[in-house]
Amino acid sequence: MAGLQKIRFLLLKPNIQLKSISNALSTSQSLYKQPIGFVGLGNMGNHMANNLIKNGYPVIAYDVNAESLRSLENAGGKVGDSPAAIATQVDQIVTMLPSSPHVLDVYNGPNGILSSVKAGTLLLDSSTIDPAVSQQVAALAAKKGAVYMDAPVSGGVNAARDAILTFMVGGPEAEFDAAKDILNNMGKNVVYCGGVGTGEAAKICNNMLLGISMIGTAEAFNLGIKLGIEPKKLAEIINMSSGRCWSSELYNPCPGVKEGVPSSNNYQGGFGTALMTKDLGLAQDAATVNKSATPLGSLAHQIYRIMCTKGYALKDFSSAFLFLQEDKENKS
Amino acid sequence: MAGLQKIRFLLLKPNIQLKSISNALSTSQSLYKQPIGFVGLGNMGNHMANNLIKNGYPVIAYDVNAESLRSLENAGGKVGDSPAAIATQVDQIVTMLPSSPHVLDVYNGPNGILSSVKAGTLLLDSSTIDPAVSQQVAALAAKKGAVYMDAPVSGGVNAARDAILTFMVGGPEAEFDAAKDILNNMGKNVVYCGGVGTGEAAKICNNMLLGISMIGTAEAFNLGIKLGIEPKKLAEIINMSSGRCWSSELYNPCPGVKEGVPSSNNYQGGFGTALMTKDLGLAQDAATVNKSATPLGSLAHQIYRIMCTKGYALKDFSSAFLFLQEDKENKS
Amino acid sequence: MAGLQKIRFLLLKPNIQLKSISNALSTSQSLYKQPIGFVGLGNMGNHMANNLIKNGYPVIAYDVNAESLRSLENAGGKVGDSPAAIATQVDQIVTMLPSSPHVLDVYNGPNGILSSVKAGTLLLDSSTIDPAVSQQVAALAAKKGAVYMDAPVSGGVNAARDAILTFMVGGPEAEFDAAKDILNNMGKNVVYCGGVGTGEAAKICNNMLLGISMIGTAEAFNLGIKLGIEPKKLAEIINMSSGRCWSSELYNPCPGVKEGVPSSNNYQGGFGTALMTKDLGLAQDAATVNKSATPLGSLAHQIYRIMCTKGYALKDFSSAFLFLQEDKENKS
Amino acid sequence: MAGLQKIRFLLLKPNIQLKSISNALSTSQSLYKQPIGFVGLGNMGNHMANNLIKNGYPVIAYDVNAESLRSLENAGGKVGDSPAAIATQVDQIVTMLPSSPHVLDVYNGPNGILSSVKAGTLLLDSSTIDPAVSQQVAALAAKKGAVYMDAPVSGGVNAARDAILTFMVGGPEAEFDAAKDILNNMGKNVVYCGGVGTGEAAKICNNMLLGISMIGTAEAFNLGIKLGIEPKKLAEIINMSSGRCWSSELYNPCPGVKEGVPSSNNYQGGFGTALMTKDLGLAQDAATVNKSATPLGSLAHQIYRIMCTKGYALKDFSSAFLFLQEDKENKS
């Protein structure tokens, strides 16, 4: 990969200088910064693109939503006509899209990035998608001489806004420093995970375990309360014992145990049940294809799915506590 | 309860002095320590009783196993003829028994403690049992003027030997200091949980969450490996993220990730799958009686149960990782 | 057991004649029929007792509910002062109680049947309870020379009213004909299952499989509808294929597939979710004690439990179809 | 669709006559029968193709396996160079492939059927695949004027050999008679399910329910045996009660209950656990995409998956009974 790396820099250098000069007028900070393409200005993506702009990068962005584009322009970015059009103007692109089909379309569709990508371009996809799709797009990109890395994030909308996301990066190790230089502008942790797809793998494995331990915590607290133990006391004991987990300690699902978490705010904000359901669905897809047994991951997925059908889709996923609890009107 | 407390001390003081004197010959340390009855000298109980002796308490013990009694005598203890016989000689008794029926029998059976217990006696039951049974025995004890507290432990055989157990104590708060004075000789943490039964409640809730998060961790690592991520790398990422739990961090079930845990020693030692299955069975019983929904706790119970039927009963419960993994001979 | 049988008849004959004569005034049909004690006049029991009366048996009944007793008197029965009081007056008793503790109390409590039961009495318990409790009561009854058989029923309130229940009978085979003579008055099928407890065993195994296959059917129909297949068409195909089950064929949970079942009547009537939850709880208790792995039975139990917490307790258990379906207001 | 139907026949008639004449030499029976293309001569497909030949159809087949092709020639068939090559020679093609990617490749790949298919061709896909893929291929076929119908089968290798398969057919109703004419040569039941994809939908819904009720039956019988009831007696009771299902009645998983089923032959033959796992994986994929809650289907999938990892992949799926049972060496 060192060879490709070299080629990339040989190829990029002249472009960069030209572009840097042309973009230098918009902000003095951007004088020495290469422009970055950005596709996908949703709830997360718009904050991420804004943070690149704030850090002095010229950003050329695309989204299907016109309003998102206008907002980006107001923040100081430029708008491209399509992913393909952007790919002709930059040497590094970040994408943040809702699902595997969107990623395939933005990269490999009719007006996709790969239809016009320059050799040596660095492509960073922060979407949470099937790792097999990451590997597929990486292979297609490699045919064009471009480098695709998966770089999904941990952290929600607020973390995106505050540039404190964690990025889990998969792809050629030789490109990691280049990726990190960009991602550091949008997050505080950038972790190298291994070959392409392992960023997604790390994310879906983490979120599967999170999804499981949150429901487990919800069950333990509901049962404990029925058995007469005060929830704060139970939290104190569990958090010094072997049942301790991030969900019990930092994001306790039982209202009143911890300040400032969604459970103490009617389960508003946080990480929606529908999003957790989506991530656990990705884990199930990957497990099925790879013949990996995940009985609790599978059941957790189903429980969040049922929660979505019963009105919890937009509540924080810690509302599993509420879902498993007896409705007041159904007390027997 | 303050009233009972007072009565207890009024009643006990004369006894204590008499007995202390009679027992003073065995060890100079015991000069001012009240004798303690101890029923149940199994893998855990024998270490616990020994630690009381080491700390200068005269111990009068009973067990159905003659060899355990001889061993206790060698360590400096005395042997009682039955739980009932012991109850006539002491004002404080610790019990450590395998299951609810044993506890009912030792307390309420024909030669049980309650048949001859003195008013004011403090009864500390460290067995892991159904909290409803604790409450039932406590009520029977109260009729005799005795105080029963549940005080199950966290920590295994080695922790019992090294007197570093954690005790979770349920019962009248006014008696907690007296209980703590005794339990401190056998453990390093003694936590007050609430009314009688809440010690058991805390333990089974903690262990249910532990049992769930261990299988969840095993699933996440098996899936991650199939997806091409190196297990140590995955552990590093999860342990700085929201999937972090005691099982991923301090007791990782994937061989080679962490030194000195059962997974790196062929799943020998540690906490056997059969014992975890028993604890999750208690959680299920309590959940059924109390109409508490515990879908993951229930499935975790079943998975450990299946593991027991397939040869994992005596392996550490983290062998769930091994159980869910493809057998080498079955690779497809 | 043949010996006991003979003794029973030798003992009973004189009693019977005396009692038959004393009761002959109430109804001419009862001239040659032995009186029957009946404890437990709930939704099921009152119909069962009435059917014995209709068939000419003198019935002496007890219930904690005074109104139920008055209603029984209006139907031609007599009222006893307590289970113990009834036991002194008859040689055969039927009990129909809500749960294991009730059975233990009615048989073995202070005023229980066994405190005064005559040797040779036939005790038929139609309650759905833990088979281990049946065996325990049978052993206690045997000490008094009485024969206890478990005889739980299949069929609901309407089947009780119409005397078309199915009885699953466990106990000594030599007593089965005697049991059948009585039970035939309240049902149309009386099946011998084996030793005491096997009637309960058969019932809870059947109901566990029923509870599982009903949810399975609900899942298959919900998924099929989402995939665009018309539910009646799906039912036609499944019912001629390997997915066929009682739930798909005779009690389809999808509204409109079958006439005259609860799903086509807003899930009213039928077998309530709370009752199914209770039976699956018994199955789980038995499985835990007997170390039998029941992963789907366990999850089905949890799903019905969650349904109870969400307002489905009194709906027919086939409302699992509705529960798993997207709420109209939550369509995404 | 009536229009397309007409066009198809107008277009086909002349072709048919020409081809019928050219193929007439191989077998006198085929004089009036149109040739049929066949792609996929695996365990099922080779029997199906042979049955078409036996019934007088000229068959032109393709498979990646050269030996399968030679065997087909020995049976009287002809070999095509590729799916594309076959498509130029016939007006009706049957495909029987192992999975969705194979179907996409055979139809839409470089040498795929759709690259050269004639307008009016009838395409019947008997593969068990994702219904969404069926719909996707049908749409691609329609662009070429061809009609694609999904027609997955129920029944195994023996049923394929004996031409007693059941076909579940999805696609335009107007084409169903034409499809039936062909499929009747390979099966005894051909059922119309609805629009394209509903054949697959019916199959995966049926098999999901089958997979669930088989494990449920295995659990009920294992528990019943532990509770002391004789398995034949339990089968008798369940099969006259509400727990009755195809698995309990016709394919009982407990050895000795029923003659001639895999459980009475060491779980050899029948429907392998690996195949059931694959079908339940399809159901899970479809459920995830369609946001349909399938908790028991999901858990059943996981249990069969675990069975595959533990050496049950090639045993009949009713070996769930064996899997859940205590290993002899692990009896506790």
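Read from first to last, the chains carry the letters A, B, C and D; within each, the first residue is number 1.
Methods note: contacts are C-beta pairs under 8 Å (C-beta built on N, C-alpha and C of every residue); 3 or more make two chains touch, one makes a residue touch a chain.
All of these numbers come straight from a predicted model, not from anything done at the bench.
**Student:** Would you kindly say which chain has the C-alpha centre located farthest from the C-alpha centre of subunit B?
**Tutor:** If we average the C-alpha coordinates per chain, D ends up farthest from subunit B.
**Student:** Higher C-beta contact count, B-C or C-D?
**Tutor:** By number of C-beta pairs in contact, C-D is the larger.
**Student:** If you average the Cα atoms of subunit B and of subunit C to get two centres, how far apart are those centres in Å?
**Tutor:** Here subunit B and subunit C have centroids separated by 39 Å.
**Student:** Quick one: subunit B and subunit D, Cα centre-to-centre, how many Å?
**Tutor:** Measuring from centre to centre gives 55 Å for this pair.
**Student:** Taking the mean of the C-alpha atoms as each chain's centre, how many Å separate subunit C from subunit D?
**Tutor:** Here subunit C and subunit D have centroids separated by 43 Å.
**Student:** Do you know which subunit B residues sit against two or more other chains?
**Tutor:** 291-295, 299, 303, 306, 308-309, 324, 326, 332
**Student:** So what shape is it, when you link every pair of chains that touch: line, ring, star, complete or other?
**Tutor:** Contact pattern: complete, every chain touching every other.
**Student:** Quick check on the complex: what are the subunit D residues that touch subunit A?
**Tutor:** 281, 284-285, 288, 291-295, 298-299, 301-303, 305-306, 308-309
**Student:** Residues of subunit D touching subunit C in their complex?
**Tutor:** 131, 154, 166, 168, 189, 191, 193-195, 197-198, 200-202, 204-210, 212-213, 215-217, 219-224, 226-230, 233-234, 236-238, 240-248, 251, 283, 286-287, 290-297, 299-300, 303, 324, 326, 332
**Student:** Quick check on the complex: what are the subunit A residues that touch subunit C?
**Tutor:** Against subunit C, the touching part of subunit A is residues 274, 299, 306, 308-311, 313, 323-327, 329-330, 332.
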